[in-house]
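Take a look at the following structure, please.
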């Protein structure tokens, strides 16, 4: 059913239709609207016997789900930013124990300085934890990915993160086609765990494993993600069949057929990229785009196949591997190793900095024209004036004070400018 | 579950049983039985802890049978035994000793009340044994020999069986119906007692009666005397004949108003207390040493004092006149021996009873070849209580050593064992004694706090005016409680501590009466079981590596 | 594609206003996208919300930099925030004020957009009348419908009823209608003025 | 099983078993059919108090729960020695997640059971003092505050033994550990430390809180049994000596635990909804030195010159406990 609805509400509705049995959460912006909605539904009895648990920290939130999932309950939570970091130990543990928990990440920057706005630093920090990470471009896809996430998690017995850009999607009202309960039930069978805490059949879960078997356990975790590479397209296909629209999968291509330059990115920025691509196409530029949905597992083969015909690739990413550059870009380079394709990293949208068509257009054009001056990595819309001023100031006095505040003072206009 | 479980992180239950941690062990626990101090101290060799164990469960008949395997006279001993077992009882170091004698008496009295009898004796051996004297050791020997299948005949010179138990120990300590009841049980074993049957020539009587062996148990009937100048010998008599006269109730004994007793032994106390009961207004004990050196037991002296008997310590009698005694004050030298001071004093007394000890009347044995005596006529015996004359054994007060009813009964048992071996041409070797269970072996924390139960005592007035028994017995409840005060020193009583406290579940419980077993596959040898065993029935031994 | 930007202060329902516009547009079969200026919603802080309306799917996620219409819920912002930034040449401006645009001293605005595209509306007063509290959104949306003609007043009212359950939905709908009519009248009057001026 | 003392007969209810007790007065540990939830073959040190305490507690809980029990375990000795791949000593459904999250994981198990309508299955969480009073404290407090239907059992051996005897939040005053050296003006663990989680638990107003000791099995089992009969968040704090970390002979594990109780340093009590409702009186009151002397971690307090002032302070602490909880009854302590 079509609905004009806030992203968080839409996702909550979809998650509810997945019949979760235990939901546990701790408040942190910008994911809160999702769990608030689920809490209300639980209270209204719309989720049957589902238990909604308010806990004292994100660490506890995921820990509660570890217990619940190991007891055979379909388990869900959501978090963002610092919350995910505070969870970190449990994040690794849930994956290590192979518990099919689904968690929404309302992507948000990491402090300090504290910043509540969107980028991908948080989920990137957990990219090697053994969770599957799927990124949504729109709220429609956010809804659809949650349905696929539970299916995928439970088939593999592996936890899944659905990454949704904070505010940009979570707080955006737009048209969403919500599935019916019948459709969801048909797509998502009841949870049949591979291991469960049951007095009738006792097992010890979470043994200490020494050097003699640890490497094997890790390999098996890796192997699980390789299986996900096969499973994801199949589930997407099945989804398209059952719901009449395509969502998810490993990645999707946009006007790449004859493209010399291909832009690749995660999440909601793909919409703006597509509009920009259309405009540039109108000027005759051979440019296309690839939307990467699955970041973990990273679909090396699919990415290679999608990009190999291009002359150059631009990676737009909302994160920064400090001291290296792009995280997605490094993965893309790995996919393209051995091919004569130039990969350019564009660090953009950090801490909520708006990514505008204008800026993208400028960058795409520059790269397409193979300008020598293009820096690697390129920081989109970086205010060099401010940076150089601050660097100079730091150079002259040791006690230069807090950088963040100094920078703000220079850009004197908090929240009043559009960008 | 249809799915395969995750590798390594998920494990099947209880699988650690493959890991035999017993290999870590440098010491191993072992169960053992140690010798309880009560058993060790009992002159009659009773297995006290054993019969207490049955009594703890209220299985009194079982307890009785366990008891009479060693001593046929629980009702008597529960009354007259000086119970060295209680002096040895480890519980004495915790609160007060278990009142073993009270429980023993309860069992004895219960047996009489219920008419419990000894089990059937062993098949008849066809051997005949003569026993001279129906005192404690004679009767004890008779019982044991009969149980061993021999035909036993007792020749008793006196009119009634019991010896000193009847003619030495006053009624108020041992009622005669009790004495008769327990002696009576011997008849059921085919023991015959011929009364008023003195023996002049043992060898002749043995041959005449067709006896294969003989046990002499004539006791020590003769009072020792001392020279005291005295006008009227009639005013002086000896304790043994005094007590016998009172018991046999023949011609009335004239004592007068004031009676003095000379001596510091139990007999002196018995004589004094009997005199009180016969109406003596003043009863005075004169003893040449002081209280801590007296031969009588504490409680005997205490009870005498309670009953108004006066004791003059450190006095010797120089001479006796019509109604007075001249005594000399003594001083103890550094060795505790009395030395004259020359200070004299007069004491009023109408009668003087001498209680200066006894010696056996063994003259009639003079002509038996191979026998040896000391100057007091005490008959020498070897370690097996056999005299120099083959087949002739002796025990009780007539042989060297301490004298008490219980010692005598012990002699009877011991003699019976050796005599039986003699008759069967074998040797009797007693089993080796295990290590003594000392207080240090116990973990006393586990034992409940439980005060020793007291026996009711007759009020003083009736004590001094009648011969009725002073001490009453325990009720069934108090007897049970008292039995349960036993610490079971050195022997497992199945408290489950070892089974419970083993961190490795390495103790196997084998069910009631079957105790436990160690599972050395898993025992790491920590020693907790030994440390927490209340009764010291587990020891740690080094593993040989 | 139509782009609307709403300026106001936290707590004045700026974000809701954008959402309601999107719902109204959706009810008319259009694609719409509403989103806030992602600030931490502190009371009184200057906030913005955006709404896009289009016939086709809206993929663009950037903030609205060249609005076709501006709603200014709080005229006190006029002096320290660059409200008219990027306003289209023929853009519309609806101000919440009892005073006239002239009185507010924003003449420079008239140089950028046609005078008749600028309108003030005493939305807070209307809100007080209808809701009992000065929450101007409902009224302003009625005004917007009148000023721009992009939305049917009926769909605005329906959207308000959808957003605010029960009585407060009705009251908002009423306020919207009143504002719609008042604005219409005002515009008609202005037309008159200009007609004479020609 | 009630924890009223049966004093009749030799050892009354002081020993594990007693051939003359009524069935209802017998300990779970005395029964041949006990579950041995923590099975033989585990890798705990010789004389491990925690291994013992865990079997005591879980077996009792199993009996109370009719064997419908799930246990969650925090990281620590208990977890490491009981489940090294490829063997586990647990006979019950058991889950180990992390050091600091056992209470939350247990809440999750309870929630799942509730969601699935499995009312008969009970949940226990267990951990050492480190996992309970320090790193797991946040989750513990949360579980208490939500009054989740979980019994949390802390096996307190007063330091981080698994990592080599470092100080924990429940390490007693003056104790020498790898991180509290026995030198300087305040040798060993500085004073004013060591938090009482039982009291903190009481402050949450949860239905049941109790302290217990491996040295008093009847008491421990009675409390676990009682706790299992209560719904909501429950906490039982069990004192379990560590021969290795405390530096005493493995065979002294129970002796030392007993002395801790008898000296008043480890008070045994029960509380309901934040109020102390019962305490187990000291049986034979002793001075603290008797307890301290047996342990190498307190060795520096004795000998020449020794630390009489420190010992006096510890004695004072014991007397505060005795006064606060009324641990000495007239005529009770002998």
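Going in written order, the chains are labelled A, B, C and D, and every chain counts its residues from 1.
Here is the rule we go by: contacts are C-beta pairs under 8 Å (C-beta built on N, C-alpha and C of every residue); 3 or more make two chains touch, one makes a residue touch a chain.
As the structure is a computational prediction, the values presented were derived from the model and not from experiment.
Student: With centres defined from CA atoms, tell me which chain sits nearest the overall protein centre.
Tutor: Chain closest to the assembly's C-alpha mean: D.
Student: Could you quickly compare A-C and A-B and let me know which has more C-beta contacts?
Tutor: Higher contact count goes to A-C.
Student: Using mean CA coordinates as chain centres, what's the gap between chain A and chain C in Å?
Tutor: It comes to 34 Å between the two C-alpha centres.
Student: Taking the mean of the CA coordinates per chain, how far is chain A from chain B in Å?
Tutor: 93
Student: Go ahead and note the Å separation of the Cα centroids belonging to chain A and chain D.
Tutor: 45
Student: How many Å are there between the centre of chain B and the centre of chain D, using C-alpha atoms for each centre?
Tutor: Distance between chain centres, rounded to whole Å: 50 Å.
Student: Would you give the residues of chain C that are in contact with at least 2 other chains, written as numbers and ranges?
Tutor: Not one residue in chain C touches at least two other chains.
Student: Where in chain B do residues touch at least two different other chains?
Tutor: 8-9, 11-13
Student: Among the residues of chain A, which are close enough to touch at least two other chains?
Tutor: Within chain A, the residues that touch at least two other chains are 97, 201-207, 209, 213.
Student: Which label fits the chain touch graph of this model best, line, ring, star, complete or other?
Tutor: Topology of the interface graph: other, matching no listed pattern.
Student: Mind giving me all the chain pairs that touch?
Tutor: Result for touching pairs of chains: A-B, A-C, A-D, B-D.
Student: Which part of chain D faces chain A closely enough to touch in the complex?
Tutor: Result: residues 67-70, 72-73, 79-80, 82-86, 88, 90-98, 100-101, 104-117, 121, 138-139, 141-142, 145-146 of chain D touch chain A.
Student: Of all residues in chain B, which touch chain D in the complex?
Tutor: These residues of chain B touch chain D: 8-9, 11-21, 24, 56-57, 445-450, 481, 484-488, 493-497, 499-501, 503-506, 509, 511-512, 519, 521-522, 524-528, 530-532, 534, 540.
Student: Any idea which chain A residues touch chain D in the complex?
Tutor: These residues of chain A touch chain D: 21-22, 24, 49-51, 53-57, 59-61, 63-73, 75, 89-90, 93, 97, 197-199, 201-210, 212-213.
Student: Under the stated contact criterion, what part of chain A meets chain B in this complex?
Tutor: 96-98, 157, 192-196, 201-207, 209, 213-214, 216-217, 220
Student: Under the stated contact criterion, what part of chain B meets chain A in this complex?
Tutor: 1-13
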